[in-house]
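To start, I am sharing the structure in question, which I have written as structure tokens.
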Amino acid sequence: MRDIVEIGLGKTARRGYHLDDVALTASRRTRGSKDVSIAWQIDAHQFDLPLVAAPSDAVVSPATAREVDRLGGLAVLNGEGLWARYPDPEPLFDQIRSDGAPDDLMRRLYAEPVRPELVAQHINDLNKSGARVAVRLSPQHTLAHAQAIVDAGVDILVIQGTVVSAEHVAMGREALNLKTFIADLDIPVIVGGCANYQTALHLMRTGAAGIIVGYGAYRGSTTPRMLGIDVPMATAIADAAAARRDYLDETGGRYVHIVAHGDISTGGDIAKAVACGADAVMLGEPLALAAETPGGGTYWDATVSHPKLPRSELLRLVADGDRIPLTEVLLGPTADPSGARNLFGGLRRAMAKCGYSNVKEFQRAELTLAHRG
Amino acid sequence: MRDIVEIGLGKTARRGYHLDDVALTASRRTRGSKDVSIAWQIDAHQFDLPLVAAPSDAVVSPATAREVDRLGGLAVLNGEGLWARYPDPEPLFDQIRSDGAPDDLMRRLYAEPVRPELVAQHINDLNKSGARVAVRLSPQHTLAHAQAIVDAGVDILVIQGTVVSAEHVAMGREALNLKTFIADLDIPVIVGGCANYQTALHLMRTGAAGIIVGYGAYRGSTTPRMLGIDVPMATAIADAAAARRDYLDETGGRYVHIVAHGDISTGGDIAKAVACGADAVMLGEPLALAAETPGGGTYWDATVSHPKLPRSELLRLVADGDRIPLTEVLLGPTADPSGARNLFGGLRRAMAKCGYSNVKEFQRAELTLAHRG
Amino acid sequence: MRDIVEIGLGKTARRGYHLDDVALTASRRTRGSKDVSIAWQIDAHQFDLPLVAAPSDAVVSPATAREVDRLGGLAVLNGEGLWARYPDPEPLFDQIRSDGAPDDLMRRLYAEPVRPELVAQHINDLNKSGARVAVRLSPQHTLAHAQAIVDAGVDILVIQGTVVSAEHVAMGREALNLKTFIADLDIPVIVGGCANYQTALHLMRTGAAGIIVGYGAYRGSTTPRMLGIDVPMATAIADAAAARRDYLDETGGRYVHIVAHGDISTGGDIAKAVACGADAVMLGEPLALAAETPGGGTYWDATVSHPKLPRSELLRLVADGDRIPLTEVLLGPTADPSGARNLFGGLRRAMAKCGYSNVKEFQRAELTLAHRG
Amino acid sequence: MRDIVEIGLGKTARRGYHLDDVALTASRRTRGSKDVSIAWQIDAHQFDLPLVAAPSDAVVSPATAREVDRLGGLAVLNGEGLWARYPDPEPLFDQIRSDGAPDDLMRRLYAEPVRPELVAQHINDLNKSGARVAVRLSPQHTLAHAQAIVDAGVDILVIQGTVVSAEHVAMGREALNLKTFIADLDIPVIVGGCANYQTALHLMRTGAAGIIVGYGAYRGSTTPRMLGIDVPMATAIADAAAARRDYLDETGGRYVHIVAHGDISTGGDIAKAVACGADAVMLGEPLALAAETPGGGTYWDATVSHPKLPRSELLRLVADGDRIPLTEVLLGPTADPSGARNLFGGLRRAMAKCGYSNVKEFQRAELTLAHRG
């Protein structure tokens, strides 16, 4: 059953499955969709939706963070993004949208130094409004910037890179020791991305409240072409869920949440990610459709501005004027059957048709492997 | 041989196969196509063709129902469709065909209340003309509308939703108990859709004369994207056929018919559905080519008008003027080799070339798995 | 190792492979291409090339038959084609090439009765010119027309339909008994198509000198869509080769030739068909590139004109003026690397690079399964 | 686990995997990219990069060879290419770039006789400049031309054809005996291409310092269509690595390098080739993007000019003016995320993210089989 293939003499590869490769199977019982709960709780924080808005400048501004909170999710502001580098980044977005060759522009814009006091101010403002907020830092800059962010009262800290391990080797430089770092913090930390059982288990052992599975692959990601690295999300989520079970056993009850991030564009993708074992999903690109997001219908992630080796491209997804309210994107109702709207209504109905009543139970849902050609 | 795959540690998926994945294998004997019977009998009703016309307003009007009956099949009128909501829906079809953004229109048109007396009148008219007719209700509205329809003299009742189970959980509301409901009826009931052995067996135990396998996937279906649910039809039909065998054994001889519904566009698809185990096929989209169908060359199904989460889109398949008589679509002759015409001539010839003489025998035909890239 | 898959409970399918799915593997030894023989002998007939030109009116006229013979192959004239129905079919080809909707035209042209005396005259002429010729009849009309063709001195008779079995059941009509028919003939018979071990073995037992594997699938074939029947050629050829081995054993030495027909467009396809076990290939569509063929750059096969259920379409492959001499198509040299020219030079070089010196040995060549996406 | 499939009764094929079928899996540890070495050493020659520039006239001129050497790689000049046939081939490149039908032109240009003294002069010039250089000869012409090239002081000799075996059978003509030929030379020889364990082992036993795996498949290659031969590179590289291990054991320590050649377009492809077992990669098509290469943005390989059976086509990849410095192609930095730039920066970062510190270790990296549809 374990899917190990010999690709050549003495060299094996494990078969991995993308979310596109699987589908949900409705079996035996059905349920009214009103009798289904899609709520999520991590640490002391309760959310109506198992939604984490990705720390992309294109989709999370301080204002969007407030709106995401209002609708029941958790938004992550990029602690090294434009709002962390410029007192007023709004005009930069116009420039990004109108620029003909945005790759170079991105590199220039993100070359401006990070000013932690700007992030602290945004946290303060959000706290005052009553909205919860998370901030993302890269592993490389966590030691430098985390203190200011924590002091400002952030609710959840997100330490996130394309690939994050519990053991980073950096000769002759100080490396972040996740375990001691997290132990010293009073707030929950979500850390990732990772892509397999071993890394997931090690990240859980750092004391994180949640781990991110995947690197946030979207249609503009070129990590597979630039590095040869790819993450088949169905397999990676299921592996991390196995690590969660084993870690729960080894700790006698510590439950670490799995946040799936990558290749999730539709309500169906969300449902499948949960059915593979995710507790919540981190969404980036799908939120670009919402009129409230700052990118004006474009999407990019943090790798777009790498000074030497960018690994994604800015996507123009929808004309600014064709965007719709975030509430329709997340909760509907909608008249559009494309899968991109009423994302969590899709999750709810999928659970109802498969007969499950909450997200945790739905992780046991039956799957079929049957890609349409 | 059983195709269970570990997609991640501790999470399995069963491999499923679409009709596109399989092909018929001609073996040993051949037969003259005139020596082949493609007749179908369910309960006391005999049909020249194993054809059920799907309860889509785009293809079944009271007039089409008469024509389908004349040509040897069974048409299902949608008991919650436009003919059930408007005394004269004809002008609405012009509007649908000419409207630029039909999604919203559909929602509005189907917001009109159902008037069971309209359906009853259509049933009366069809009865008078000597044509048999079936009517479809959704599980949610069966309790409300079935009595009027049965009283009007419908021949067969079809209870159909995207996913129908024998055990629907609806807290605090009255749910349809299929078993007691069917026991109280004097006419045969066809119920579905379902997608696997367990649900099929449970639906058979409700006393249904036939079950529908599949949700009627057509090129405009977005259920996989909206909900993550998909039905690989070759696998689902074969599973239901296994349930039919086991139910036949457990009841000492009650034969429940399997009506395959979804991903069937050509004569070859019909042949493959039967070879997987179907007794008959429910066709929607392929009938839109027929000049007699009301949609004027468009197709949609009941999910298009869902008020919050539509799961299909109206397809414009063929210009009105390019349509052809229903008899050519179903029975030929034709000069068009595309697979869309002379659908049941295709079935007949496939059976002849594989050496089978009736539909029941043809369910044993040999299959090959060999998708063309 | 045997590739049987359970597609649903209790229903299996065997996995089949197309020629596109496999590739040759060069191993250990190489050889000069001049040290390779690609000659073919069937019964008393020796050919420089393992080539049978398919009985399509688009590629084999009496004149082409002469040219194919001159270049070392065997051409098959369609004994029920245009040359069998019209004293001078040349003007019809102009009509076919210029007609906008050729499907109906084809049906009309092929409605003209067959006149065996016309075929007899073509055979006489070819005999006089010293060229060998084969004629194809359908199983349905073999009894009616074969005698005249044999009497005229045809070298090889080809009895060919989409699916031909050794046991055709036709109630109340006289069916062709291949075994007694072939036993009464003094010339070799090639019969087919077939698609698996069982049918191949049964056809070998009729006394045929060769059998055809496949139904001649080309880019215009719609048999899979019309009937659901498809033939994965790599598997079908290998199965027939197994039947050839077993029949050789059961008869103590009768070797029946396998002629592969379908999905062969390039020199690489020919090499792969032989490596799967074929003794020769029947080519249709690839010959349309040759200026000498009558179709003027179009191709169709016998199923195009079926009066009720045509299963292929006329393809316009190349502009008449862009065609090249048959000798370049078959033997090169060429400056075109597309695979469509110097077909048998490709076979010869493939054999050389894999280290084989004749066609029979090359049937043992190693294959890899590795489709390019 | 061994992936042998029965494609038909008694005929098997081994499943092979392309580089596109696999992806790297980041596991457990990560590493700073500055702490990674991508150096390569073969025989006494040390290189900063595991790069061999392919002997295509489109990418390696004497001038490019110098630049490749300067940037840390090894360039191979085609000893039977335009620089070996013409004293000044520069004007021919203009002709190639502007010609409308280059196939015939190529054949004519390469019909000019090879003049070994021209190659000798280029070697002298490169030696004087301090740049190392390799020269490629085909197996057919090695005996005729090698002496002059060796005498001129070439650093490494490359004997390369589409398929090269250690045992070439050529009746009545003198064949190259690689073993005795290499034994008599004082410089290292790299030989290939080969595609499986057996041929790789035999080539290693000839005394070669390195072997080439693959035939240099690029987007313009038609060898699969012309000959039916294809090389799934992931499998072929891994097989050759197994031969390297066995040969190392059988010789008590002779390490033969594996140079992967074919289907490598991006930094990710390079990383995957190494992870399958390659010591270095031979790059052709990807270098056409560099302004220093002679083809002006086009690419072709030696098979394009075959007088009878060409097996590749000249590709126009990029407009001359859109090309970039070779240093950006190989080493970055770049703002382009397509995968085609900063190829070895991609390798370095892939190794860092997977936690490996040198090329040899990285050959053990974990792979996933998960093609994106």
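In this document, chain identifiers A, B, C and D correspond to the written order of the chains, with residue numbering beginning at 1 in each.
Everything that follows uses one rule, which is that a residue touches a chain if its C-beta (ideal position, glycine included) is under 8 Å from a C-beta of that chain, and two chains touch if they have at least 3 such contacts.
As the structure is a prediction and not an experimental result, all values here were calculated from the model.
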{"item": "Chain located farthest away, centre of chain B as origin (C-alpha)", "value": "D"}
{"item": "Centroid distance [mean C-alpha coordinates] between chain D and chain C, Å", "value": "40"}
{"item": "Mean-CA-position distance for chain C and chain A (Å)", "value": "57"}
{"item": "Overlap residues in chain D, where contacts from two or more other chains coincide", "value": "15, 17, 235, 373"}
{"item": "Overall pattern in which the protein chains touch one another (line/ring/star/complete/other)", "value": "ring"}
{"item": "Complex interface listing, chain C residues touching chain D", "value": "1-3, 15, 17, 21-32, 35, 197, 234-239, 241-242, 245, 266-272, 275-277, 332-339, 342, 345-346, 349-350, 353-355, 366-370, 372-373"}
{"item": "Chain A-touching residues of chain B, taken from the complex the two chains share", "value": "4-18, 20, 103-104, 106-107, 162-171, 173, 194-196, 198-199, 202, 222-230, 232, 235, 303-304, 307-313, 371, 373"}
